[in-house]
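Look for chain A in each of the two complexes below; its partner is chain B in the first and chain C in the second.
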Partner chain A sequence: MIAAILTGVRLHMKQASRNPFDLSGVVVWPILYASIAYYLLDAKHDPKLLLSASLGAAVMLMWSLVVIASSGTLEQQRWQGTLELVVAAPTPLTAVIGPICVGGALVGTYGIGATLLWGALLFDVPVSIQHPLAFAVAIPAAALAVGMLGLIMAATFVLYRAAFHLGIATQYPVWIVTGLLVPLSLLPAFVRPISWLLAPTWGFRGMQEAAIGGTPWPDIGMCFVLSVVYLAIGGTCLVAFEYVARARGSLRLT
Partner chain B sequence: MAVIEVEGLTRRYRSRTGTFRRRTAVVEALRGVSFEVERGELFGLLGPNGAGKTTMIKVLTTLLLPTSGTARVLGFDVRRQARQIRGRVGYVFGGDRGLYDRLSAYDNLRYFADLYKVPPRTRRSRIDQLLEMVELKGRERERVETYSRGMRQRLHIARGLLHDPEILFLDEPTIGLDPVGARELRDTIANLHGAGKTILLTTHYMYEADALCQRIAVIANGNFVATGTPSDLKQVVGDHTIVEIETFGIADETVERLRRLPGVRAVGVETREHAQVLLVQSAVGADVVRALLNELAGADTGKVITREPTLEDAYVELVRSA
Partner chain C sequence: MTNTFRVVFVGGLTSYRALFGWISPWIFIPHTLGYPIFEILFFAYLGRFAGVQSDQFFLIGNAFLAIAVTGMFGMGHATAGERRSQTLAALLASPANRFAVFLGRAVPSILTGCIVAAMSFSICAAILGVHVDLSSVPGLLLATGASAFACTALGLCLGALGLRGRNVSVFADVITACMLVVAGANVPLHLLPAWLQQISACIPLTHGIEAARAIANGASISGTLDPLLKELLIGGIYLVIGLAMLRFFEYEGRRTASLETF
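Up next, the complex of A and B:
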């Protein structure tokens, strides 16, 4: 199963990287958001704020790519007839769809490099990482946790044919609730407990604390804890929803 | 020993239409089907579009649950023991779909080899062996999106055989292939059967079923209307002679009059290019040609052929009377 997971991550990243149109979006998106944040927050005198905004934009991209990878890829797999074939294989569906989500999140890490470089070149933001080791661990930890959150969504997409539209609809709510688009301090108090349940909150904090100085390890730890919880929930849902999809006959488009 | 045992299998689909006034439609794709397939047998499922062939294969490959009845594959129940079945059977369908287009053939095979738990130490050699078998060696690093339909279909076969399955389910594998590609694929299927594989093949090409299958089941409207060897099925129209008459612009009333002629058992009309071909079944020994041509006097007619019935004639008769 480990071989299937590793090959799955590699091949889905390879497949995603082979569409120049998608790839250019990956590079341009976070730059746009980082630029907007720079002007919106008037961050030219506060390099830390701009670094945070850059990382936030990168995590936004990560979540978007997981949504696109899980919903879009599943819809694409339905269209191209491969969804039935991967379901017909003896490997559990979690080991098939999990790598698609994590692969999407890992493609999103391109965005981190792009925003940091953009900030350095255009806004003179010094790329100085306070805890390099923690930062290096925080990136894959965030990708894993965000990817596993996508796994829970993907379970729903196995059941419903309108997967892509459902997925896209979750983009903004998650950006807002996890403080990526608007600082959490500006949002009503009831939003905070919701944000604690969502991986992008901890993924962003882990990278932020590691970059600008702070205590990143508890946030990184939360990423791993949430990954395990999401895996358990997503895996259970996938087994149940696969059974329902077999009963309904909804694995194929026609 | 039966490796596929199906008893009283029913499968219904529900579909909903309408936004405010939701209506549920129920389609019965399989209606209480029973049959068995022996180990090493090449069994054909023959039927028109929408007859239930693909639904049957999907139930047996665990992609669909039966609504009622039982189906066992290699002794495992399709409803409760899907995981055990999946590692032991291969599923290949026809057409352009079912491959990762942006990846190479090798990457496609590598991924499915991992999904089917092919051991890493034999994976490379197994992929090479299959690429050799389906004549894609040397082209395996090219993206699948650049492949012709025939190449894709051969790649499908290789994918279905990666884990050396005990049973191979082939769902219209030659659909859309050019004649040469279809013949090559039929040779591949015959070789696999020769090597001892149990194969369940669905097709609506009669000559394919006739040439390959040891036993055939004709399925129509979700029911098996006949099961037997190709020779058994031909006996359905064994006491018939077929007269083919090429005509142009023949009216329905004329066809009705032909049906009422003494000695005529059935009349079918096929369109071939610009002509209509009347397929008239008559009792052996009955000289109906003169009567038919008299009835068609004044109509524009072409070639007239009298011949023995084929599997296709038997199939048409079975499906028509279903």
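Up next, the complex of A and C:
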């Protein structure tokens, strides 16, 4: 099972890294969002704000890639008629779909490099990481947690053939409520408790605190805790929704 | 001529009805409306945080982006969808006018885009507390129509690329993303570098958004004729380019037998 998961992550990362067209999207999207933030914030006097914006844009991409990878892959398998084979295989569906989500999130880490480089070259954003070790741990921790959150989403994708559209629709709401570019203090009060439940909040905070100086370890710890919780919820949902999809005979419908 | 209209309208209606055979309205409507609503709110709050421009600035810019998305993706997906379902070769073997075939598939999604833009505009205006005078509605509709035309024309170019390449959706996605910055939807044009301002003057949506913002601020239609005409002119140029590309890539697709590659 562990071999299946590791191979799955490696395979999906390689697949996602093969197509230059797809990769261009991976690089361009976070750069554009970071650019909008740079132009609007115009924070030459506060370089930390721009560094935060870079990291926020990168985590935005991470979430997008998780939903696009998981929903897109399932949709692709529906079209190719291989989804039933994947479901019928003895390997648990969680071990097949989980790596797709985590692989997508790890591809999203390209965005961190892209936005930091873009910011440094064009907007003079100083790239100085205060806690390099914590930053190095925060990135995979964020990818894991965001990927596992995607697993819960993916469970619904098994059930609905319009999975891709459902996935895309969750991008902006998650970007808003996790405070990636807009501080949560500006949003209505009810948003804050929601943000605590979502991995991008902690993943971003972990990277931000590690980069600009602060206490990143509690946020990194929350990423690991949430990953376990998401895995339990996502795994259970996948089993339940797989049963419903089998009962309805809807796996193959394109 | 009658045949062309039949292909546009009957073909388009059939294609649109087929959409709901694939996706439930219970998913389609929240998805189609939810995306632009949250996009507008995201950028409006970012604007508030940055302390630049008003909520109205982001409301209009992003509502118009919703039109761009549907216009460009409607045309782009028209060919990409046929390729994916392996019907592109059969479709191109038919004697029907190509432009009519693909326009028929795009028109319903463009109309949906305009309705979605209007609804998300109204909902977000209520959420953000933005007041737009009723007298400006006709002018806004005019700007909407001009922008929808220009974006669809650009979408035709992307759709033509779909006769040759497989990943036109990703490309359309990147173009839309660039419009977030370059078309002035979220970043005031004067903040952009000069070379980027020159590009923004040549792409769809820039002048449409400019006209819409002026109209919402009280300008008359006659006072915004200049940007409206520019938007239509840009649309016309992209339409001509798109038609030429459609012809060229169909010829290339037949010559290299690449129409069914996926």
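In this text, the second predicted complex is superposed on the first by the 252 of 254 C-alpha atoms of A that agree within 3 Å, B and C clash if a C-alpha of one lies under 4 Å from a C-alpha of the other, contacts with A are read in each partner's own complex, and residues count from 1 in each chain.
Please note the rule applied: contacts are C-beta pairs under 8 Å (C-beta built on N, C-alpha and C of every residue); 3 or more make two chains touch, one makes a residue touch a chain.
Please read these numbers as outputs of a predicted model, since none were measured by experiment.
Asks: On the A-aligned overlay, A:S24 touches which partner chain: chain B = first, chain C = second, or both, or neither?
Replies: A:S24 contacts chain C only, not chain B.
Asks: Quick one: classify A:Q80 as touching chain B (first), chain C (second), both or neither.
Replies: In the superposed model, A:Q80 contacts chain B only, not chain C.
Asks: Give one of first, second, both or neither to describe whether A:L181 is in contact with chain B, with chain C, with both, or with none.
Replies: Only chain C; A:L181 stays clear of chain B.
Asks: First (chain B), second (chain C), both or neither: which does A:K14 touch?
Replies: first
Asks: Is A:A169 touching the first partner chain B, the second partner chain C, both, or neither of them?
Replies: So A:A169 only meets chain C here.
Asks: On the A-aligned overlay, A:A88 touches which partner chain: chain B = first, chain C = second, or both, or neither?
Replies: Only chain B is touched by A:A88; chain C is not.
Asks: Taking the stated contact definition, name every residue in chain A that is touched by chain B in one complex and by chain C in the other, in rising order.
Replies: 19, 79
Asks: Can you list the residues on chain A that touch chain C in the complex?
Replies: Its residues touching chain C are 19, 21-22, 24-25, 28-29, 32-33, 35-37, 39-42, 79, 160-162, 165-166, 168-169, 171-173, 175-176, 181-183, 186-187, 254.
Asks: Please output the residues of chain C touching chain A within their complex, sorted ascending.
Replies: 22-24, 27-28, 30-31, 34-35, 38-39, 41-43, 45-50, 52, 84, 165, 167, 170-171, 173-174, 177-178, 180-181, 186-187, 191-192
Asks: Which residues of chain B touch chain A in the complex?
Replies: Touching chain A from chain B are residues 13-14, 58, 61-65, 83, 86-87, 91, 93, 95, 97-103, 107, 110-112, 114-117, 120, 159.
Asks: Would you pull the chain A residues touching chain B in the complex into a rising list?
Replies: 1, 3-4, 7-8, 11, 14-15, 18-19, 79-82, 84-91, 96, 243, 246-249, 251
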